[in-house]
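Labels run A, B and C following the written order; every chain starts at residue 1.
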Amino acid sequence: MTTLSQEAARAETRPADAGPATPPVLSVRDVHIHDRASDREIVHGVSFDLTPGRTVGIVGESGSGKTLTCRATLGILPPHFEVSAGTIEIDGTDTATLTGRQWTELRGSTISAVFQDPSSYLNPSLRVGAQIAEVLRVKTGLKRREARLRALELLRAVHLRDPELVYGQYTFELSGGMLQRVLIAAAIAAGPRILIADEATTALDVTVQAEILDLLADLRESTGLALVVVSHDLAVVAQLCDEVLVMRQGEVVEHGPTRTVLDTPRHPYTRLLVDEHESYGLDRFLAPKEEAA
Amino acid sequence: MVRRVLSLTSGRIAVAVLAVIALLAILGPWLAPHDPLATSDDTLAAACGPHWLGTDHLGRDVLSRLLDGSRISVLGSLEVAGVALAVGAIPGILSVYLGRVFEWFTLRLTDTLVALPFLLFAVAVIALLGNGITQAMLVTGTLVSPLFYRVARAATLTVARSPYVEAALISGASLGWIVRRHVWAKVLPPIAVALAQTIGVGFVIVSSLTFLGIGVQPPEPTWGGLLASDLGYLDYRPWGPLAPAALIMATVWACNLLADAIRDVSGEAGRALLNGRKARAHRLGTPDTAPTGGA
Amino acid sequence: MSADQPHAAPTDTPVLSVTGLDVHYGKRRARRQALHGLTLTVAPGETLGVIGETGSGKSTFARTVLGLVRPSAGSVVIDGEDVSGHHPRQWRALRRRGVVQYVFQDPLRSLDPDLTIEDSLTEPLLVRGVARPEAARRARALLDRVRLPEDLLGRLPGELSGGQRQRVAVARALITEPRLLILDEPASALDSANRVQILDILKELRADGVALVLISHDLGSVAGAADRIAVLYQGRAVEVGPAADVINTPQHLYTRLLVSSAPTLHTAAASRTEREALRALLHA
């Protein structure tokens, strides 16, 4: 097991131990998001709690409001959007009270994110290793040489086979899966407690997607990272998440433990998503196996 | 295309101004009240009864000279644009389809033309072919053609590699069909923009050449020539250059405005612009063609 | 709905027969081999799923069958005609027979943005000399078949939604009544409701006896529709067989990883250790 940071060492509790007594690291309560440009409410009341080591999944198509919700929790809503009602608390602090500087402090060290198209989040003119090192130097104040060493450790932690080589490469030399790993490394560099993965695997081949999802599960187990996984694919969420929110046109149409939602969907939209997999996907062929612990 | 351009205010203004200029070019010589070449003793007169814009240093009626010269000036710049189009755009489109050798050859030729010092080349060619407006325009057109070559080639390349052209190919379309149906419509807007700009530039070039005595010989009036001769007598007729300068400016400005208008209604941005207008006109919402970032 | 038996009897000529296909890209030092000795057949009315990751050669395979790429070795036989050595004019003649058609992955870019839907739909017919009124009539009939309203004919692609565009692309591919239809990631760019619609349309096509080749990187997206599956890995077909067999009893290491990686509702969470083991073996 790799120890990624001081904070991670603290949160060595395995997911099973994170019972109801543990305070949530992220708490979203009845959040409404309003678009000032078109004067419409886009997200109508999203609520969930995230405790360390657990994973919440948000499923929805484009237009469902899932990305806006993520951006709200990170404090990066587009200019004409605002949280019009409800509260978002990160580690107990109401984010509405945060100044710009406090937000900057929070991002990376408490809450972090990876998004869909990895190559657009890295500078193509710089080597990728240097970009991770930059995060380390800014957030944790490490000197140049130490930052490089930590960056290599991080690259190893995200299961890159030859960290030394990758450190010196440019984005165009790396595949989509490798780039996403680099971004995950950068995202966890400062030891955040929450990681949001917004369609992080959508642009990747299915085998690579599985690798990234397995990596996230691994990180969750080794560091107690709390995950929010957002996808349009119910199965991606099924693979990784303890509880699921299904969003449609800004509303949460279903919310509950993953197994319950998948086995006994109540809302017709959820049922549509489940049926699609069961009629056209692999589920038809494969016999359900016993879930591993 | 024409309809779309006219739907924009800028397009309408540009076309209107250019229409007036075109009328001047066609009817100008006939409208001239006096013989533009007739000298008189009434030199450097201000605006007065018989001479609305006064007379120049040789007593010739300025208005008549302006009107008479408009045909040559306008035709000259059109010739420049036409030559540039033919010499540049056609090889540009063909360079994508006629193979490596042709492509290499035309690319190097274009590079050479860009590198040539314009005036030296013009003078050299005139020396070879004799001095005349047609030769001058040919030379100028050739020297300006690289723009058309590059624009046409770039537009064709973009289209040639696109999935919809492959789809046409897969359905059994011939090269001619693809060029006619797909390539031409995409190449036309950037070329139209280049054309509009070149007409404007052509004007300035014709004027410069006449200023230097290349192409049009005095006493033939051209707008540029008038500007040149007027500048010599600013002490006596300080307002003299105003009229030819205004005409040149108006034409170049209208051409650039037209070029802008064509660009505004073309391509991705153009379609979005027109879609938006259509939607507002019909009070329908346009369907979301691309998911918005915040969704 | 179970994977139906292909309609063809074993003696029928396959619609597509690829044997020992080698395809190379690039020149001199940059020369790469995209396909190695690929051998596949598609029987009339059968649906073949071709699965592979980026770089596996699946797109090259499609492009070779369509004549956009020339094979370096081996043979490609379409509907009894050996096209391996065809030059452009012969390809054009074959294409005008309308035997093979293709649906691109990205519906937005596969339709000319300046042409109306009607223009795009009728193009495959107009290039072979069908009269415009007749072509327009068939375009209307096809829109109906892909469940799109007729008033879309006069619109531009930019005015349609992604799902509608994809269905237009399918309609265009069907207008020449092809015997073989190749679809590249037919549903990946679409949302749930549209995906289901496309898959339903494909189901109807199978019932009509059209042979389909579904190309994808995701086993799950073609599993429900395919009779047989061919798995491509690094330019080679590492496993070919009936869909149910390939999925339930995969033989090759990569196929096992594919099955294990495909997101499913009930099983994917369980296979993490299995995937780790397979990856380790594969990269050894």
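By definition in this document, contacts are C-beta pairs under 8 Å (C-beta built on N, C-alpha and C of every residue); 3 or more make two chains touch, one makes a residue touch a chain.
All figures in this text were calculated on a predicted structure; none of them were measured in a lab.
Novice: Just to be sure I understand: the centre of a chain is the mean of its C-alpha atoms, right? Then which chain's centre is nearest the mean of all of them?
Specialist: C
Novice: Let me check something: if the centre of a chain is the mean of its CA atoms, which chain is farthest from subunit C?
Specialist: With centres defined by C-alpha atoms, farthest from subunit C sits B.
Novice: In whole angstrom, what separates the CA-based centres of subunit B and subunit C?
Specialist: The answer is 48 Å.
Novice: Please report how many Å separate the Cα centroid of subunit A from that of subunit B, as a whole number.
Specialist: That pair's centroid distance is 56 Å.
Novice: Using mean CA coordinates as chain centres, what's the subunit A-subunit C distance in Å?
Specialist: 33
Novice: Could you pull out the residues of subunit C that touch at least 2 other chains?
Specialist: As it turns out, subunit C has no residue touching two or more other chains.
Novice: Would you give the residues of subunit A that are in contact with at least 2 other chains, written as numbers and ranges?
Specialist: Answer for subunit A, listing residues that touch two or more other chains: 62.
Novice: Mark out which residues of subunit B touch at least two other chains, giving numbers and ranges.
Specialist: Only 288 qualify.
Novice: Mind pulling up the subunit A residues that touch subunit C in the complex?
Specialist: Those in contact with subunit C are residues 61-62, 161, 175-176, 205-211, 214, 217, 232-236, 238-240, 262, 272-274, 276-286, 288-292.
Novice: For subunit C, which residues are in contact with subunit A within the complex?
Specialist: For this pair, the touching residues of subunit C are 1, 53-54, 191-193, 195-196, 199, 217-221, 223-225, 243-244, 247-248, 257-273, 275-276, 279, 283.
Novice: Touching subunit C in the complex: which residues of subunit B?
Specialist: Per the stated touch rule, the residues are 162-164, 166-174, 177, 181-182, 185-186, 268, 271-272, 275, 286-289.
Novice: Report the residues of subunit C in contact with subunit B in the complex, numbered from low to high.
Specialist: My answer: residues 66-68, 92-96, 98, 100-102, 104, 106, 108-115, 120, 123-124, 127-128, 156, 158-162, 172, 176.
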